[in-house]
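Here the chain labels run A, B, C, D and E in written order, and each chain numbers its own residues starting at 1.
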Amino acid sequence: MDVLQQLISGLMLGSLYALLAVAFTLVIGVLNFLNFSIPGIFMMGGMISWGLMSQTNMVWWLAMAIALAACVVASLLVERFTYRFMKMRFGDATEHATPLVSSLGFLILFQGLVLIKWGPEMQYFPSPWQDPNLRIGELVIGLPQLASLILALVLVGGLSLLLARTGLGRAIRAIAESPDTAAMLGIRVNRIVPAVFIISGLLAGLAGVLFSLNYLQASPRMGDEIATLAISAMVLGGLGSVWGAVIGGLFLGLVQVMVIQFFGAEFLRAILWGLLLVIIVVRPQGVFGGSKISKGKF
Amino acid sequence: EDLVIGLSMNKTGPLAANGTTNDVAVNLAVEEINAAGGINGNMLKVNIFDTAGDPKQAVTATRQFAKDDGALAIIGPFSSGECRVAFPVGEREGIVQISNASSAPGLTEGFDYAFRNTSDELTQFRRLITAMESHEILPANVAIIYATDDFISKSLGEQAFPTAFEEAGIPVVATIGFQLQAFDLAPQVTELKQANPEAVAIGGTVEAVQKVVREMRRQGVTSRVLASGVAADPHLAEKLGADGDGLLYPTYYYHKLNDEVLSFQEKFAAATTAAGHSKTIPQHADASAYDVVHILAEALRRAEVTGDPAKLEEERDAIRDQLKSMEAWNYSGILGESHFSEVGDAALPTHVVEIRDHDFHLLDTITE
Amino acid sequence: MSGYLSGVLVAYLLNLIIAYAVFLPGAGGILNLGVAGFVAIGAYASAWLSNEMEWPLAVTILLSMGVSALIGLAISFPILRTRGVYMVLATIAFGEVVVGLLINVEAIGGAAGYPVFEFIDLPVIALCTLAVVLFVVWLMSTRFGLALRAIHDDEPVAALFGVSVRGVRVAAFTIGAAIAGLGGALYGHHYAYVDVIYFTTLVSIYTLLYVLIGGVQTPWGPIVGAAVFSLLPELFRGATEWRYVFFAAVIILIMAVRPEGIITRALLLRLKRRGTIAAPTKEAAQ
Amino acid sequence: MLLELDNLHVRYGRTEAVNGVSLKQKEGEIVAVLGANGAGKSSLLKALAGIVTPASGTIRYDGEDITKLRVDQRIDRGIVLVPEGRRILISLTVEENLQLGAHQRADRSGLNDEIAAIYDQFSNLKERRHMEASCLSGGEQQMLAIGRAMLAKPRLMMLDEPSLGLSPLLVQQVFSLISELNTGGLSILLIEQNTSMALSVANHALLFELGRTVMAGTAEELTKDDVLRQAYLGG
Amino acid sequence: MTKPLLEIQNLSKNFSGLDVIRDVTFHVNEGERMALIGPNGAGKTTMFNLITGVYPVSQGSIRMAGEDITTASDRSRAQRGIIRTFQNIRLMPHLTAAENVMLGQTCHSHGIWSWLAPVGLQSSRSRKEADHALEVSGLLEYRDMLTYDLPYGVQKRIELARALSAKPKLILLDEPAAGLNPSETDDLAQQLLDISASGVTLLTVEHDMHFVRRLSQRVIVLNFGSLIAEGTAAEVQNDQHVLEAYLGSDRKLEEEVAT
């Protein structure tokens, strides 16, 4: 029974990694851009929902909708000042380190603003439901986590179809390789790229909301810990492979739970990252990834 | 001549949750002292330095106070990590530093100029057990869960808790670790559940306690929770809601203790609101910082300092000597009657607090 | 010197040393986000050697650089197999493993951190930094530096002109690790305390950030980048909690205006050319 | 008039790449632009395609002022460029590259036949249709670039050095293709280093130097010109 | 007495099942000027990639100056004197023209000191050599400019200067005249003849037959990865297979291209 519970816990934890990993992989796989601001957007999803609910007594669904809208706006802001700006001046945003550095700047900015508004404490996130858990006998499954797993799978299915099958997908891949050439071919780069950022921001924000719902907490630093693991999940899955991101996320969740169970949390860091290091070194292009390797130079 | 005191604080940074309003408390005390005529006719002046929790900046702060500002003494640094690097600097410069919050064991040991207005966790936790014993609510067995990558939490989980439980003859049925920053504690709590303890002692910060308790209740673990002094927080009851029922913790600052404390709270609330803070209820670190100012003022008074730059060195030493012999003062602040021990830790009364029905209740106060 | 200034300066100089540890492999296109791991190794090694062995400081510092370099050398072979973001992650993973291991070694304090008894003050740190700057500037002007920059631009072509790509990359990574070790050793001896939680990936990320802000095309970049990072928040000290918001805004602004870093080769060449144009009479006379 | 340029200027920072060029092209004509390296020929085409914004001057196309239109809007109107340096997307397959050429077309019927026709024209591409374009040889990439532009169904096709890197046989093939397309009614603006080849298919030609037109006339007039012969026809 | 410098024996290369080079045998003599021509996709660039060690060979052998270099590293081939230019220019964009040229000298840097002596200084020997090389090619004015914003023609010339500064025995030129106008092509041909006169062996891939005729003593023709003809330019140009596969049978147009 307990092993089963541990397995479920692992998968559920992994599903949050997966959702965030998909947000990362979209921007990096589609646009070749490691967007460091995503943890900040994730955090805003949770914190803004909390802020609205606790400070203005707004109903939960409205608060979350507004929070998600804010995340989308934030993501577009990042697009405007990193990607678009670079594209306008240099044709290709990803040949430079700018997006990397400025998106990190945005992370600091978002965190700073939230800190000023709400202070650094971890906040209690009120659950709109009596018990947001599915209970089957002794087993407990977090519904928000289940939702993120299903959401991740559905979204990923849709996205991978979109990318592989439609003309839009082709256009996006063209932009990924060379925005300049894509623009020359008449692809509306300035419309498609924001769309990708909107989706990515929405996913990150949603992951943040689901995180808060599940762990009943929100804090200005809630993105820090989960982000590195989401990035790892993405890389493990292979850059730009949306399915890879999901599988990578679930895998990491499971590994994490198993390490804690069998070795203890004090060795989690060394074992988890050691394992990652070995995997990357043995398969330098990700486990499920194609051979596509980010061109990102600086 | 103004008498300058430095305040090394965490206005920003990862630990700002407990540090960000310390300056408000300090200013409150300074205003009171100055309004009452200052110290031997001289006004007290506080210089503030935000270290953002970064030890490097804490060193800069101590240096600035000691060398540039001509400070007589320093309040702070705030955290244990900062104290460790800043205490040696203060020692070299020969200036007193009184930390208002840090509680890692042995921080002040070996330093002549380092003090703190707190004490180690073992003493506090022992008192918690004593209180439980006298109220006949000692558990038959306990489990320990603690953050392995944080010094204080780790010393709680591996030293303070086991020692105290062993002394009281309570068997520990499970010891489980987690990482301070971890947000998902499901696997640990599942393990906890297997051990089925009557009470669970949590070694971790306020946030860690919240996370553990929430996950425990989610998985249906109903054991009583015992927390430590680092988890003391006037918001804890509200943050935990019904999940917090039965939780016990020891603290030096109990925010509902007496009228003196309540009036301090009122002043603090007014001052923080005026300064635009969202946090208006003081925590231990605030109350402690407030007391430290009064302690320092008294030390300055007794040392008959003049603030004359030429005599800075002697006066700094005189302040230290006064603090060393503080037991003789019979000083009492909002944290209660206190003095510094041989090594520089504070000897303060401990209040054991219980959370029931979304609120705090004082179970007992223990002095020895 | 004022205590405040010396405090800020020490922090700047230590940041600068670590910046060069990132810069050197970075000039060859290797992103090292595990640099904090090497800093930690250097800090603990030197602390342990001087605490337990009671060897002279110069010896322990050199040895700690050696230890860091050796580990760098060993890890460089697997890490340099990877590319792009994978390399970023591999180096992050390395840094995390170092922290994850050190925090469990009780002999050097574990999670409690480790006190260091021998003290090093500003003058020595300044001298060491100067040595590092001169060393890197010199190294970048040698054929080794040229090869490194060529590898950054186009690895296969560099190989076709006789550059030992692997050798140069391994050397750059290893020397970077040694410099990081030096930074760590100085850190430990100055602050008299080392604690793994101050050598996490975040430190590496910020270091890379300011190296990139300064620019990786020339060895002068880190000097400016580290200054932006260490001194700018000081300038905004008065703004208290808005301090980091301003700082972030400035970073975004700088990158928008100088996407390849503040100091680029093109900039230096332009300045140089302006210099020669400023003295045209002499050339005309020849 | 299909295309009318009036006093067009293109600048990159301080470099004046196109310096006051005027040009008229009738529907169904082939106009060749000749000139040395760096004369500003490519910059002119880029301005026409909307990739660079002219500093001043106007571009009229079919009577409409298109100076301020976006690239995709110009493609909608049938202005398509085969760029200098091919600009193939190497991570996409050959077929995907071709389809990208047609991605703006509203009418997609018959696209497959058209793609098949391109494969017939350039048999190298057919064999490699599902391979990543990164595998293509230099000349094959050039074929792909031309095929991609054809699939956009242009009215005005602009070719920037189409013969670059092509074998003599293929150069002939491309030029007869140009003639053929032209016979079908397509207007062509051509940049070519292979001056004699260009003049043999063009109706009109311009000679560029430092961003200015220094000579213009019918292809025949220019073929006979001594100065041109000396400099560009290799004696 | 001519002796072979580069010998290609039964060389084959396939990329995941696709035969790109099929059993090709030829040699280049010392001091010779030879051309390699063939239709697009015939495998010419691939041949260069095999000779310089960019790709491993599938079958066959490559010998340089009598030594087998089939499995030698790209770097050691450069050190033996095989240097090339590229069909698509590949200069280092963040290096100045002079530094690009200095990079060419790298294959003759042996010993730790040649790696650790500053080359950036105006007074260093490398720098002087590079300046000299640029001056000879008429490129001195670009010495301290980064190469990415230089005109195409200039970049091509810098690439050649870089190759020459490696003091090659054998230089492989991949479409050196592409994109140049006739007068520029002429200058290039003259420069290459001078280079050849100084004892360097040339192997050129080029589609401009006029240029090939002027430059090359001997021509080999690849088609679908196989060698289909070998001889002087004139001989090859009249070969029926070559006409069909490469030059086209439309003589009139061909003449025009050639003259």
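Just so we're on the same page, a contact is a pair of C-beta atoms (placed from the backbone, for glycine too) under 8 Å apart; a residue touches a chain by one contact, two chains touch by 3 or more.
Because the structure is a prediction, the values reported are computed rather than measured.
Asks: Treat touching chains as neighbours and tell me the shortest step distance from chain B to chain D.
Replies: Graph distance in the chain contact network comes out at 2.
Asks: Count how many hops through touching chains it takes, at the least, to reach chain E starting from chain B.
Replies: Step count on the best path from chain B to chain E: 2.
Asks: Quick one: which pair of chains has the most contacts?
Replies: Ranked by C-beta contact count, first place goes to A-C.
Asks: Compute the centre of every chain as the mean of its C-alpha atoms, then state which one is farthest from the centre of chain A.
Replies: Ranked by distance of C-alpha centres from chain A, the top chain is E.
Asks: I'd like the Å distance between the centres of chain C and chain E, where a centre is the mean of that chain's Cα atoms.
Replies: 41
Asks: Measure off the straight-line distance from the CA centroid of chain A to the CA centroid of chain E, and report it in whole Å.
Replies: Their C-alpha centroids are separated by 49 Å.
Asks: Find the geometric centre of each of chain D and chain E from their Cα atoms only, then give the gap between the two centres in Å, rounded to an integer.
Replies: So the centroids are 29 Å from each other.
Asks: Mind pulling the chain B residues that touch 2 or more other chains?
Replies: In chain B, residues 12, 148-149 touch at least two other chains, as defined above.
Asks: At which residue positions does chain C touch at least two other chains?
Replies: Answer for chain C, listing residues that touch two or more other chains: 103, 152, 241, 244.
Asks: Any chance you could list the residues of chain D touching two or more other chains?
Replies: none
Asks: Pairs of chains that touch, anyone?
Replies: A-B, A-C, A-D, B-C, C-E, D-E
Asks: Using the touch definition up top, name the residues of chain B that touch chain C in the complex.
Replies: For this pair, the touching residues of chain B are 11-12, 50, 55-57, 59-68, 81, 84-85, 88, 92, 104, 148-151, 154-155.
Asks: Please output the residues of chain E touching chain C within their complex, sorted ascending.
Replies: 52-54, 73-75, 78-79, 83-84, 86, 90, 92-96, 99, 102-104, 106-109, 114-121, 126, 144-146, 162, 166
Asks: Using the touch rule from the top, collect the residues of chain C that touch chain A in their complex.
Replies: On the chain C side, the touching residues are 26, 29, 31, 78-79, 81-86, 88-90, 92-94, 96-97, 99-101, 103-104, 152, 201-202, 205, 209, 212-213, 216, 241-242, 244-245, 247-249, 251-252, 255-256, 259-261.
Asks: Tell me, which parts of chain A touch chain D in their complex?
Replies: 167, 170-171, 173-174, 176-178, 181-188, 292
Asks: Taking the complex as given, what residues does chain E use to touch chain D?
Replies: Contact set of chain E toward chain D: 15, 37-42, 44-46, 87-88, 151-153, 175, 178-186, 207, 209-210, 245-248, 250, 253-254, 256-257, 259.
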